[in-house]
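In what comes next, chain A is part of two complexes: it sits with chain B in the first one and with chain C in the second one.
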Partner chain A sequence: MIAAVTNGAVAGPFATGPPEVGRVMTEVALQLAVILIAARLGGFIAQSYFRAPSVLGELAAGMLFGPYALGGLPLPGWGPVFPLKGGPLPVSTELYGFAMLASIVLLFISGLETDPKTFLRYSVSGLAVGVGGIVTAFAIGDVAAVLLGIADSFLSPPALFLGTVATATSVGLTARLLSERRKMGSPEGVTILAAAVFDDVLGIVVLALVVAVTRAKGSQSTPADWKHIALIGAKALGFWILFTAVGLLLARRLTHLLKRLRSMTTIASICVGLALLVAGLSEMAGLAMIIGAYIVGLSLSQTDIAYELQERLRPLYDFLIPIFFCVMGMLVNFFAVKSVLLAAVFYGLAGIGAKIVGCGIPAWFTGFNLRGAVRIGTGMIPRAEVALIVAGIGLSSNIISPEVFGIAVSLTMLSTLLAPPLIVRAFQGGSGLRVAVEKRKEEEIRSVSLDLPSAELAEFLVSRINRAFRNEEYFVHRLHTDTPTWQIRKEDISFTIIQDDRRVILNMPARYQHIARFIVLEEILNLSEFLESVRKMQSPEDMGAQLLKGVFE
Partner chain B sequence: MIAAVTNGAVAGPFATGPPEVGRVMTEVALQLAVILIAARLGGFIAQSYFRAPSVLGELAAGMLFGPYALGGLPLPGWGPVFPLKGGPLPVSTELYGFAMLASIVLLFISGLETDPKTFLRYSVSGLAVGVGGIVTAFAIGDVAAVLLGIADSFLSPPALFLGTVATATSVGLTARLLSERRKMGSPEGVTILAAAVFDDVLGIVVLALVVAVTRAKGSQSTPADWKHIALIGAKALGFWILFTAVGLLLARRLTHLLKRLRSMTTIASICVGLALLVAGLSEMAGLAMIIGAYIVGLSLSQTDIAYELQERLRPLYDFLIPIFFCVMGMLVNFFAVKSVLLAAVFYGLAGIGAKIVGCGIPAWFTGFNLRGAVRIGTGMIPRAEVALIVAGIGLSSNIISPEVFGIAVSLTMLSTLLAPPLIVRAFQGGSGLRVAVEKRKEEEIRSVSLDLPSAELAEFLVSRINRAFRNEEYFVHRLHTDTPTWQIRKEDISFTIIQDDRRVILNMPARYQHIARFIVLEEILNLSEFLESVRKMQSPEDMGAQLLKGVFE
Partner chain C sequence: MNKRYRKVLQPRNIILDLHATDKPGVIAELVDHLVSTGDIAPQKRDEVLAAVLSREKRMSTGLQHGVAVPHGKTDAVSDLIAVLGRSRHGAEFASLDGRPAQIFVLILSPESMAGPHVEFLAEISRLLTRAEIRERLLAAESAEEILNLFDQSADR
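The block that comes next holds the complex of A and B.
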């Protein structure tokens, strides 16, 4: 059945051009097929059999079926499904395009879910923990590169990249674990989520600086001096601030214009288009693409279409993300792993330790005891998409070698593997606050669980409740996790909603539970009222009589 | 702000390889940005200002912003956003990959929405109209190619392709127009929808034959003889039947396995993966890719996850389809259009006439009068995605030239432009049945319209109602149109549901209206009952009391 086919056999004027389009498209189709199936099964196996996050399974599927492993084996009459490409990337740019789109959508949504108010509001422990984690992780990642012999100076591009890879925490995993254990409203939980906002923004700034500096360094033969680096850094930071300021200023006017298009599907597509556009522009301005996508998301996060956009883009996100992680796994040289295994483990553990120390110490200084500090440190361990995107930028622009890329990926793998047991252990036991801090005592968390007749109905109810909270000026934030979990927040009030198949679980601090209960109850009453009116709806004939007539005819 | 950036400036071992990944990705990001924004705005303008289908605006946006027109103009410091590529396609394979994925998803969903029972059930007029339309359109398209001097024999590849382009009707546009006018349940409406099923399947078979024959012809210098063509055709048909039979046999077992993965998001992704896999395999077996995707859809159409799959893939479909049409528009050489304008109009009108005649005559022979025959003929005019995909295959494999591609695209543009006024006019006036045909008299159509408080709620109610019909073994089919419209069908009973923003409109033949009313009413009662139970839900404390406590504290 599988036979080589010479597509486009009618020789045209371009017969000597690039490889035939039909062949290239068939290759991409087969590759996407393998990726979609393998990534999904990998994610499922990781979750069900190893109780690990699905991202681990997706990465592993990529490593296993990629060009360096099974995907490189030739099929009879066709050749390998994933032929090893000669270039900085082992996969084709046709395939990498899908991973690129995924990373743009990912960072756009991540920006959309950021609450700049948290950033601007005074949050001592959140700021301290976020900054401490970023700085420590960057320093330790950078130093590790030198210690491992990957770079010969702390300022050389590979060292700067390994520093940057270590910075950005992906808080979704922690959020899910805490939600399940009703610890999201605890002082540690609140601090971790506040720190994550600072972490996101600062991680992007560090990336902007590093990309600008390494590119400038690369184009010169003389070693960069501090003055030059500062200049380039200032320029990158300037662009970042400029883009963000313009975005925030224009967002409301833009939203107003977009709403004229009426259909949210159209608006969501155009917003992804804008994210891609600013991504391209920021790449042209010397920043990385994801920075532009994040800025567009951040700009739109304060508009009234933010929540609707998140929900509309969710299916696209769900489709693209496994492709992204699987393609990232494919970039790892399966056979080189053995030779760099020790280095990879060292770097991974260093990156994990960096967050525990770098976030734990500031936490300890801002009112937490040792137990609380360790909790916050372990909560900040997980790295995922941003770490991989940064490593991918390094690989695709030849700044880091395939071996170093494998080392960088190990941080995502090790941290998502080790974080869950560490977090669960850390959060056992008593209060994490120092005795002296009286006022911020551990809050009692109340939980209400609603069992609905179907998962679909649960999804609908959650979406209604979230909308009601949005209308009350709450910030509703979907946490990126395998189980749909939302955090709902205003000032120091914070609720979480978890949808687990047919069940909707509402966690709320005892002090504020009446607010949440009121909104949920109101939403249910609204729905009932509406249904009552539909039941009595006016129709050409009276519906009830018509119905009976039909039955007894 | 826009400055050229030398990405990946650190020269690596592959510096002489393909163009830098960073540059390629930036280009793709900018291109996708332009496409998403332009296609969506184009579609909106077409719908709002010209009352034309959105596909016209998307195609026009592609022509206007493509490499042959505005997209080819260089930006300072960067070059053109859509540089003209040297090869059979004017756009990059990186970009074309997204259009390819769109075409696979499109044909997969199209297969999923096919009801093979209609095909197997005896439907004289549907079969006659479908076959008549396909054969006539193919013949006229083929002859037109020779008359226009594009091909020198009826069996030469370009002629066969222009014949194939003309075959497949895209019935969504007709369905929407008839729904809006409550004509979907009319004998003409029912016949058009039955014919569309035959048309879909036969169109795919014709494509399979033509691709096989043209590829075989291309690899030989001697002109193909009939015997040889018959042999190749038989082989292609054999593959088609084999793939379809295997698919239908395995579908239930596969569905059973897939359900173990629990999450429908995961299942939907894997099914798209399977569509891509079989698409790749059918290309390798000498059939076109879309054939494989259609077969996977068709195979799954009879399983109980079919409806759920359609709904889950809808957002992905909505995201990709404008990209598809816009990229297709980009393949049209804007400047060559002038020189082939007459030929394009001739081919377009010939293709339109072919369906009126080819479908009208069989209709006239199976019980319709002249008015009814013209109605059915005009209803079969619209061509869209399949015509473009076939033309794209011809262009990308160098079988047709860019000029001929433009001629082929004109059929889609002219037919979607002219069909709406023609259909609306044709469906005015009295019965389309011959006096002799007494039994099949025009049915009275009843309509119920429900006004809901929000579009979101309307969407939810429609999804519940559709599910209820599915459970009653009805075939629920979403028609590809700008307004969400579903056809619900079992044996000779057929309802339509239209969701227009906050309004849900139910059209039903008077004879069967009690069935539809019963199901809708039951669905509303179910929902109310459930909400009642949630309202009284058990919680650690009694919710009502707690609520009051909160308010009066």
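The block that comes next holds the complex of A and C.
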């Protein structure tokens, strides 16, 4: 081994292979080490010292330690940790692969989290707001590209890409801010969530179309051959519709089969495998990989294992996301961006304005007043992972230049920086509704509330009830709310259990209430028998004496 | 849940005329029927009976409108099994509404195996919530007719 090191080769499992593989793998290991540590610390610093979303810290860490900054400086005896690579991407293909994997997992989870029920319930205002935001943002992004001299026509690939980058809202940031302030259930909050679903779906369709069209056209902005473009657009749309339809049709049957494997870990792994498979297929069909991943997620979102999958994938997500944002930061070429700094700021602000106006106006027309419209508009501002993924696709396929990539990243940075204070401010004050809109018709929900002698006993009962539901093959999922709340699902059936101090509240759709009532009743009877047996327990004094005997010898 | 009772509740496990007139008698008659059809091994009879009676002791399973759903968890059975018994004269079952019960569905599920067992119990009870179905069930002439009534109630 000493000989190997002195020879300049790298020891370890790759020592026997060709020296290049060892060198490349060592490089990737060192890079991931730097990225993981720097991204996490960057996120921590952004959150605790600047009260900014951790995404900003992760992006900044990428910029600071990337090949264009500190990462490009040579280390003695090794060279730069992030040597500047030739070609469209400044980082190695291996490293970019991790970012791609992260984006696939991200979009898979994003599809899983989609709740078509919310989106149907608030479909009118949600659709109007979502479509308004997409159309306006795409148009403004596209026009901005031409105005800034980045593209020479509205249909040239860079213009189409800057339009697409501006479309996709990442509602996660808004959702977190609103749920911290308990505004998630407000008409504005729900409309934003519903709009975000349309936004996601339409944004992905726009991306599919743009990627397909630009790849067919190549990076040159040749005069548009409409027939050809329409054909490619139809193919992209066809793939999307076909796979979504097949996915939605087969998802339940598939999960039914998968459940035979019993282990949720195995099921989750297979589902990620499927997401990667369809991602690959969609890339082969000339679309982006994330589109396939999103379709698989969306299909599985309607199955009873959706929550369980989200829970299982959370650690993978937490691990990959900082890598993703950090690598995206590394792609920013400061030298190139310096010359287009003003353009970047202009594009960023235009993208922010586009959502406020594009989403605000439809909101105003669907029953919100000016305050409500502004709330919804600002709630739709944040752009994050999807914008970066789109920009990354453009950069890696040589459709956009490093300058344009920098401009695209500026939208993510500016919107993430400006959205939180704007959202918090917008949500102060009174109602955002123009008139008291009549309560929407919802499925009849029955509620039963049980009072227990103590909070501890209530907690114990809830844990027993949850176990009983699991035994009945339901999926129990703890929601991240202040009051402990669980969602219990199987196929179409969904109950919630809330434990509010010593009260246990059970909400159930009228159609299925008998199931919940019987299961809870049996559990309460079991509990009373259990308590009976506790009473018969050997006296606590005797047990205590037994436990302490011999301690003081 | 789709008509799982069709699989669990076989026509041979439907008794049109129960003789017993009280709770222990009805439960014993239902369990003995399962022994006679071979669903329960004869040596397990007492174990099954004890499981059902122990659940009954905690709270009567006599619901309202003459329906009772005695049940128990016991490893004397390896799968969900059920038997339906009808009593023309009714039997005292300590029901919620104090009236004697006439329709009894005994459900047994294995203790150590998870599965949608209580759900089945709830579903059977739900099928019997309509007065019209109950009346026609009491007048039914055959086991198949009773199962058809369940179908009608489920399809509603």
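We adopt the following convention: the second predicted complex is superposed on the first by the 404 of 553 C-alpha atoms of A that agree within 3 Å, B and C clash if a C-alpha of one lies under 4 Å from a C-alpha of the other, contacts with A are read in each partner's own complex, and residues count from 1 in each chain.
Just so we're on the same page, a residue touches a chain if its C-beta (ideal position, glycine included) is under 8 Å from a C-beta of that chain, and two chains touch if they have at least 3 such contacts.
Quantities reported herein were computed from a predicted structural model and do not represent experimental measurements.
Colleague: Just checking: does A:448 make contact with chain B only, chain C only, both, or neither of them? Give me first, second, both or neither.
Modeller: After superposition on chain A, A:448 lies in contact with chain B alone.
Colleague: Applying the document's definition of touching, compare chain B and chain C: which contacts more of chain A?
Modeller: With both complexes superposed on chain A, more residues of chain A are touched by B.
Colleague: Could you say whether A:528 touches chain B, chain C, both of them, or neither, answering first, second, both or neither?
Modeller: A:528 sits against chain B and chain C alike.
Colleague: Using the touch definition from the top, say if A:269 reaches chain B (first), chain C (second), both or neither.
Modeller: first
Colleague: For A:429, is the partner it touches chain B (first), chain C (second), both, or none of the two (neither)?
Modeller: Touch status of A:429: no partner.
Colleague: Please indicate which partner A:86 is in contact with in the superposed arrangement: first for chain B, second for chain C, both, or neither.
Modeller: After superposing on A, A:86 lies in contact with chain B but is clear of chain C.
Colleague: Which partner does A:518 contact after superposing on A: first (chain B), second (chain C), both, neither?
Modeller: In the superposition, A:518 contacts both chain B and chain C.
Colleague: Contact-wise, after the overlay, does A:399 reach chain B, chain C, both or neither (first, second, both, neither)?
Modeller: Touch status of A:399: first partner only.
Colleague: Please identify the positions on chain A that touch both chain B and chain C, taking each partner from its own complex.
Modeller: 514-515, 517-518, 521, 525, 528
Colleague: Once bound in the complex, which stretches of chain C touch chain A?
Modeller: Chain C reaches chain A through residues 55, 58-59, 114-119, 121-123, 125-126, 129.
Colleague: Tell me, which parts of chain A touch chain C in their complex?
Modeller: 468, 470-473, 514-515, 517-519, 521-522, 525, 528-529
Colleague: Quick check: in the complex, which residue numbers of chain B touch chain A?
Modeller: Against chain A, chain B makes touches at 1-12, 14-15, 17-18, 20-22, 24-26, 28-30, 32-37, 40-41, 43-44, 77-78, 85-89, 93-98, 100-101, 104, 157, 214-215, 218-219, 239, 261, 265-266, 269-270, 272-277, 279-281, 283-286, 289, 312, 315-316, 318-319, 322, 393, 396-399, 446-450, 452-453, 456-457, 460-461, 463, 513-515, 517-518, 521, 524-525, 527-528, 530-532, 534-535, 537, 539-540, 543-544, 546-547, 549-551, 553.
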